[in-house]
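Same chain, two partners: chain A is paired with chain B first, then with chain C.
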Partner chain A sequence: MSDVYGIKVSRQGHDVKSAADTNLSFSSEFNTLKIAKIIDMTTETEVAHGLGYIPTFVFLRCNKAGEYMMGNPPYTEGMLSSVYVDGTNIYKLVAAASVAAYVVLFSDKLDE
Partner chain B sequence: MAYGIKIAKPGTDVLEETDPESFLVHTGYNTLKISQEGYGTTTVVTEVQTTIDITHNLGYNPVVLFYFTHPEDSKWHQAPSRADINQGYSYYMGGGWVYKDTNTITLKLNDSGSAPIPSPPGEVTVEYKYYIFIDPATDSWYE
Partner chain C sequence: MSSPYGIKISKSGHSVYDLSGSNLVLSSVGNTLKIKVTGTITDSLPGETIPEETSKKYTATYAHGLTGLPMYWPDIHDAYNDNYDSTDDFIVNDSAKVEPPVGPYSPWTSGEWCEVYIDSTNITLVTNRASALGLALTFGEHDVIYYYTIFYNRMDEEVDYT
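Our next item is the complex of A and B:
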């Protein structure tokens, strides 16, 4: 029996048997980030995530103009705030006006 | 002909639903696929930028995620960003990354703070984690 196994789905117009990895919409050969939780931090500065590990995360937040962007905005648009995590909590530190923020937490750990 | 894999959220008819947000898996949409990931620790010295080259050999510029800790409390920040006294720390720590070439990314950790944002007191240890995805950062998948 072959030791090659798994699931692949190619992008439309590409033969799944010969498609480059970049033309696969899904492949069980590669790990993916799996969403554990999405937390609204808009009115919070500290939230217990309850995951029991340090999660990989991405966050969307508003700049001073109220526009959503991923990560920390440039200084002139309100950089003096941040979202970060540890094994217990998500933190939002705000040095200026309160900002809206949504944090996506994944099942994948940061410290390994 | 339609093909692929779709798994709908509970209470959703997988055959009738069209909103991609109602699916847990939908191969009609691309998925970020991890090509390579790594965790490590490194030292950052006052007034010296630490750089770490990561070879991926993909031949193009991939999507990247990079995280680092501030040594003062070991909490994790997503790069590009900086953590400094404006956010409750006593000294500056910044992180970012660049495409060195189409086969290499360079992670950057720096302490280039200047008054009133001081650099770390000497040499500090920083943890870092990166993900490099199969997916090109400049692909136009849906055009």
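Our next item is the complex of A and C:
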């Protein structure tokens, strides 16, 4: 065993000492997505995220009143309120009115 | 140290005292994604002919039972069923990023395609069926199936763990 430190937690019914990776609830042998921030971009088109690198991210945007979709909008809606990031900022493209969007930034670098 | 409890595990070659979250495998200072439930939502669609320039919309839901707007996966936008006239079931996930064909009766105004959205109560699978300009379309009887993962993590609430 090359890594003599760390934590493994197995799923119920599996021995942590022999369980396949898929039967582990957690293993520090692998990286885990860690939420750093959730930012409400509803009234914003550009926000400095302050992480200093390009973070892994996902986002939820309003499709219709009360209805939200993960990720970029359907092509039928053009690029209304698409969200993207760089090493400094989060950007929301807005074609018309302000659209609700929530962006989850992870501590994990996207470009690594 | 404001939080005198918890766990941090660093990546190999990095000190656990490194303050950069990107060099940690796990830190209980922040939050991780936690799966609440996985399952399927099915739209059972009839065989039918839709007259020209008309459309139908079918929905099926699953009540997520969580507060606010939880994260779900995968995202589905315009997942297009190339075999809409078939009786073969359509697995939405297989076509998650397949955009409808562009053609004289398109874009996105004919055929069968799906979207998934979430609100504070349900996750909803929407299947659209539409004919084309001057052309009725016949659709096969089949199920449209979406495999979902819903997380406990709420997305509509600002947090800052940095």
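We adopt the following convention: the second predicted complex is superposed on the first by the 99 of 112 C-alpha atoms of A that agree within 3 Å, B and C clash if a C-alpha of one lies under 4 Å from a C-alpha of the other, contacts with A are read in each partner's own complex, and residues count from 1 in each chain.
Note that in this section contacts are C-beta pairs under 8 Å (C-beta built on N, C-alpha and C of every residue); 3 or more make two chains touch, one makes a residue touch a chain.
Only a predicted model underlies this, so the values are computations on that prediction, with no experimental measurement involved.
When the two structures are aligned on the shared chain, A:Y102 is found in touch with chain C, with no touch to chain B.
In the superposed model, A:H14 lies in contact with neither chain B nor chain C.
Of the two partner chains placed by superposition, only chain B is touched by A:L110; chain C is not. By the document's definition of touching, of the two partners only chain C reaches A:L51; chain B does not. When the two complexes are overlaid on their common chain A, residue A:L60 makes contact with chain C while staying clear of chain B. Look at A:Y91: by the touch rule set out above, it reaches chain B but stays clear of chain C. In the superposition on chain A, A:L33 makes contact with both chain B and chain C. By the touch criterion defined above, A:S82 reaches chain B but does not reach chain C.
On chain A, the patch touched by chain B and the patch touched by chain C overlap at residues 7, 26, 30-33, 58, 71-72, 112. Those residues of chain A whose C-beta lies close enough to touch chain C in the complex are 3, 6-7, 26, 28, 30-40, 50-51, 53, 58, 60, 63, 66-76, 102, 104, 107-109, 112. Note for the complex: chain A touches chain B at residues 7, 9, 11, 21-22, 24-27, 30-33, 54, 56-59, 71-72, 79-86, 91, 93, 95, 110-112. Chain C meets chain A in the complex at residues 7, 9, 11-12, 20-22, 24-27, 30-33, 69, 71-75, 77-78, 99-100, 107-108, 115-120, 124, 153, 155-162.
If you check the complex, the residues on chain B that touch chain A are 3-5, 25, 27-35, 37, 39, 60, 65, 67, 70, 73-83, 86-88, 127, 129, 131, 134-136, 139, 141.
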